[in-house]
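Listed after this line are the structures, all set down as structure tokens.
You will see two complexes here that share subunit A, one where it goes with subunit B and one where it goes with subunit C.
Coming up: the complex of A and B.
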């Protein structure tokens, strides 16, 4: 790097502006290259579309989980490292119930109860897809939220409430411990084996009218279920935060906890609601990820946690709208980067982008725009 | 019978004691000012009434009940409104949402009360849907007062409402406090702008190093040579 030559001309720019400029230039070059690849036919349009679609799907489940992480940060004032394992809790509890119902009379109770830990109850033979077992999968979705909420409330009662006024660092460290305890408690019951629990998704052909708008001939119904459920929940959270008394008091408390207290807002009740909403969404996110990927593993949430943190930090920690925008950026980046780099490295692209954005805007993209 | 009666109050932060045996009372509908040098504990008195400091002894009686140990939401219920000095609005909430939060403990937003507050502070009606954080300091101060008035408190505690206001707005702020008091709400005011505050109030306390130093009517304190020299800059 010839910084020696550049220093004279760039001396009026702050390092942030330099990084920001390089970032924009880099994005510009990549966009131009993308156009070149598409025009020359090196990158078929269909593949570009599927990367984009996958990016949207990924950003939706990252976003669902990110809302809760952002809420706990802004209202309870700590970075909750056990949030990823709440995602895992939702995945295992929800799919266990889906198997208990969907596999009734088809597979052994133990195979169903332990989610195929013994290798029994093949997803195909149980018919574990949204068309063959819609009710089992829907009930599983609801249960994933309920169980995760109960687990989160129990953890709050046992651990976090006792540390409420201890500050962010003790709470953060406690949450790392909770994360490990929760994950290995799940492993103790379900084993550490990764296994397929969802049958291959039904892929009906799209109606001609839709085919003309999007370059897709068929639709993966499991992805469609994920997209619709996630969008509905995100819109629901938005309406709750903007238009209900509870939502307004949550935003008030994330703005200023002391003022909320002297205004008469019952802060413990707001914290309760924060856990219910945040952990419920995390549980559903875990359940939907398994529906999309087909397989389940105890590291599901832990591996996802880094991406969730990246999304939340990118958007400006503490703002749920920022977290959603950050999730979209992260989801699209890990998928669109596949145009240039191999899949093993795609998360590097996401984290590099996050670091560069943070140097450019240390408080995140949406800092100060909207809290909670 | 006093509305608020603080007797022999000791309080502080952590191990640090700020208030030493503070006595203070406010009668129904009275306008009382606390003045004193920086660090005298003026704001600490208000925070202690709301249970936001470390209580170390003494009593705080409001409307015949001992409110020491009450949760803030219960203190509000008894009829005390409090506007802290800094960060006294929710910046990402709109004006109307801030006012709604002021009435949180009620099941429904009292529309007639809202109308009264909009009458008193027309700017709040104009800016109804604007985010509080984007308003000027004076407007935020009015919003903070409006929020505290949503429950029709018997006592309104204001911590340096004129701080940070442009000089031409200070007079206006004091006029509005007079109006609130004329409507029958007792006012307890902490002010840096001591002369103006003493001129307006019924009674004043001079607090020095966490202890009562003087107590008299506002006019008498203004006329007292010692007080003028030590605390009012001559």
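Coming up: the complex of A and C.
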């Protein structure tokens, strides 16, 4: 859209370059100010570390969801607004199973089946933390992925398959419809109440060896579970896409669907794999967010969706490493910005950054790195 | 929805078989659709024992929502239907208009305080502010590709809502007075519908108004209901103004370029049209109309808070536009009415019908409802469904959106999309001898 500007003009600076320069200068000033704050002791190192750590935790669950969104965006070629509600689906289905198993014999079936919709089955009394009910929570994690995959495949068959050739905007609009229907079907069963479903996390002291490296004395085991599960999944997806034929087919398809068809790539099977990987990761992300935050609500994924989009767009659509890098930028932005601005403005900082980067580099920071 | 679609088809067949001008047939079409719907609701309501008062109240709500939705949908139709700009930040632009109006007109003694200016200045100020924000948004947004444009506008709308919600802007002290947005609790101001008593003092209009009040008194309707009815009348007048204004734009040379941008921007540009400037202009005009629509909608309450501008509001407006068919102003109004009557208030009407006929109690959870259903009593399940109807209504909206996208992406009146070309080249009969007659 900016073809009217640029090369060969008298002025060498395009508006993009001006915005990009200002953006870099702004980031430079903030980094210098950060150094000044730390040196003068206005910002204790411990607080800076806790912001950074929270940023990494946030970026990991945003990243899990962003991989799926980026994959569907590049292979099915539409902005999937129902992706956030796949995150919600994973959260509700996974925790329901965790309660069914973990609360066996402790709480009555109806409170466990409906995730405390009637207020029964206190998380503390059921023992909903990773030390008291490790098996229940692990099974819940697996089930959250499986149920979300099944739901996504059913939606694809019912809705998106009929619209394969419809173009980006009709698919986007249909995905808004899917998002609404899915979210409020969940609300029909589980009610719209926000509730606590996870007990307070165990916080054991870290071994002295680790304490000397990072400025943390205790570790929140739920956050640690989130970080380890997310990293394991990300590495798994990396290996899968880098070293199998599936990854190659996906790269081919996101590059040119017709050419991929001619070459004999089974495009429907690639789309199937895309949904399995993308929605599975989204479901796990939802499950882990609840493990970290402790509370569950039907708007969980919907409120997260714009941040996920911001991460995908920052990284450049079509590149899962871009999506991960974008998630890191977004996660660090919403936490490190707390050094300068109040907490209720941090998402504004993330969205502003997204918009500025879009002007500066309309194809995202990592466009050109086509890695499926 | 298919019923509504068939009804419209029949109506169209009836009203297009004459020599009336386009706008008159369209007016007839809308009026017939509204009348048929209301007659249907009245008959169903009276037969099922809902009662006259509740049915009339229902129709009043439908008319109000249809009018306010029609205003925003018409404005959005200028963006999406005519120009092809996929703006999903409508709620944000409405918020700017309403908040500016609120701050300009709120009482100087209030908390947070306002400037205490008269309402017309507040309305104009709100429109200008929406337009200004639209200009700021359009500069970066129009540089990126179409699907990014959608996300950028959504991002801006969330930035606006979060800023209004934030504690930092809650109250700002200027010269000893606390101004600001009031954060989550919002800001209170003089409602826009206080123009009604003022209008009633104008000699000509006042006389007509008195007749309404006299008739109302005879029928036993309270004067406050008549007043709000009169405000709905003002809204309908604005819908007509919007319609005339947008139709005027659509048939102007400027409007033809807009449609050309929608169909093929590169072609329009290569014909020497400055599409960038036209997109910015049309974006700003649409945003001003959205601001005005927001003021007329939310302004009739006396308090506004950021929760009224969640992104979901934008999607309701899109649903209404798509139901009616984007690209047609008449379709926009029909869509807004169909949305208000069938998707928005319709499920509540069904709830009234059920409550008037069956004594239902709602069990606490769906689990209890299923238990009772299994033991052979379907009433608790019905009660649960009725109790959660507000949630199920969203499911209905979602399903309608999906069904429309799969089977009828043009909406009810989408086939009337106005094309950029004076003649429709794509529908030229193929039976002619190769179009050689041109030579």
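The working rule: the second predicted complex is superposed on the first by the 359 of 372 C-alpha atoms of A that agree within 3 Å, B and C clash if a C-alpha of one lies under 4 Å from a C-alpha of the other, contacts with A are read in each partner's own complex, and residues count from 1 in each chain.
In the analysis below, contacts are C-beta pairs under 8 Å (C-beta built on N, C-alpha and C of every residue); 3 or more make two chains touch, one makes a residue touch a chain.
Note that the structure is a prediction, hence the values are computed from the model and not measured.
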item: Partners on subunit A (subunit B, subunit C) - clash or fit; value: fit
item: Which superposed partner A:249 touches (first subunit B, second subunit C, both, neither); value: first
item: For subunit A as apex, the angle formed with subunit B and subunit C - C-alpha centres, to the nearest 10 degrees; value: 90
item: Which of subunit B and subunit C A:273 touches, first, second, both or neither; value: neither
item: Touched partner set for A:91, first subunit B, second subunit C, both or neither; value: neither
item: Subunit A residues touched - subunit C or subunit B, whichever exceeds; value: C
item: Touching partner for A:118 - first (subunit B), second (subunit C), both, neither; value: second
item: Contacts of A:264 with subunit B and subunit C, given as first, second, both or neither; value: first
item: Lowest C-alpha to C-alpha distance for subunit C against subunit B (Å); value: 10
item: Where subunit A meets both subunit C and subunit B, residue numbers; value: none
item: In the complex with subunit B, residue positions of subunit A that touch it; value: 245, 248-249, 251-252, 254-256, 258-266, 370-372
item: Complex contact set, residues of subunit B against subunit A; value: 50, 52, 72-73, 76-77, 82, 84, 87-93, 97, 100-102, 104-105, 147, 151
item: Of all residues in subunit A, those that touch subunit C in their complex; value: 1-2, 4, 78-79, 109-110, 113-114, 117-118, 159, 162-163, 166, 168-174, 176-185, 187-189, 191-192, 306, 309-310, 313, 341-342, 344-345, 347-348, 351-352, 354-356, 358-359, 362
item: In the complex, subunit C residues that touch subunit A; value: 86, 140, 142-148, 150-152, 154-156, 158-159, 162-163, 165-168, 276, 311, 315, 318, 322, 364-368, 388, 391-395, 397-402, 405-406, 409
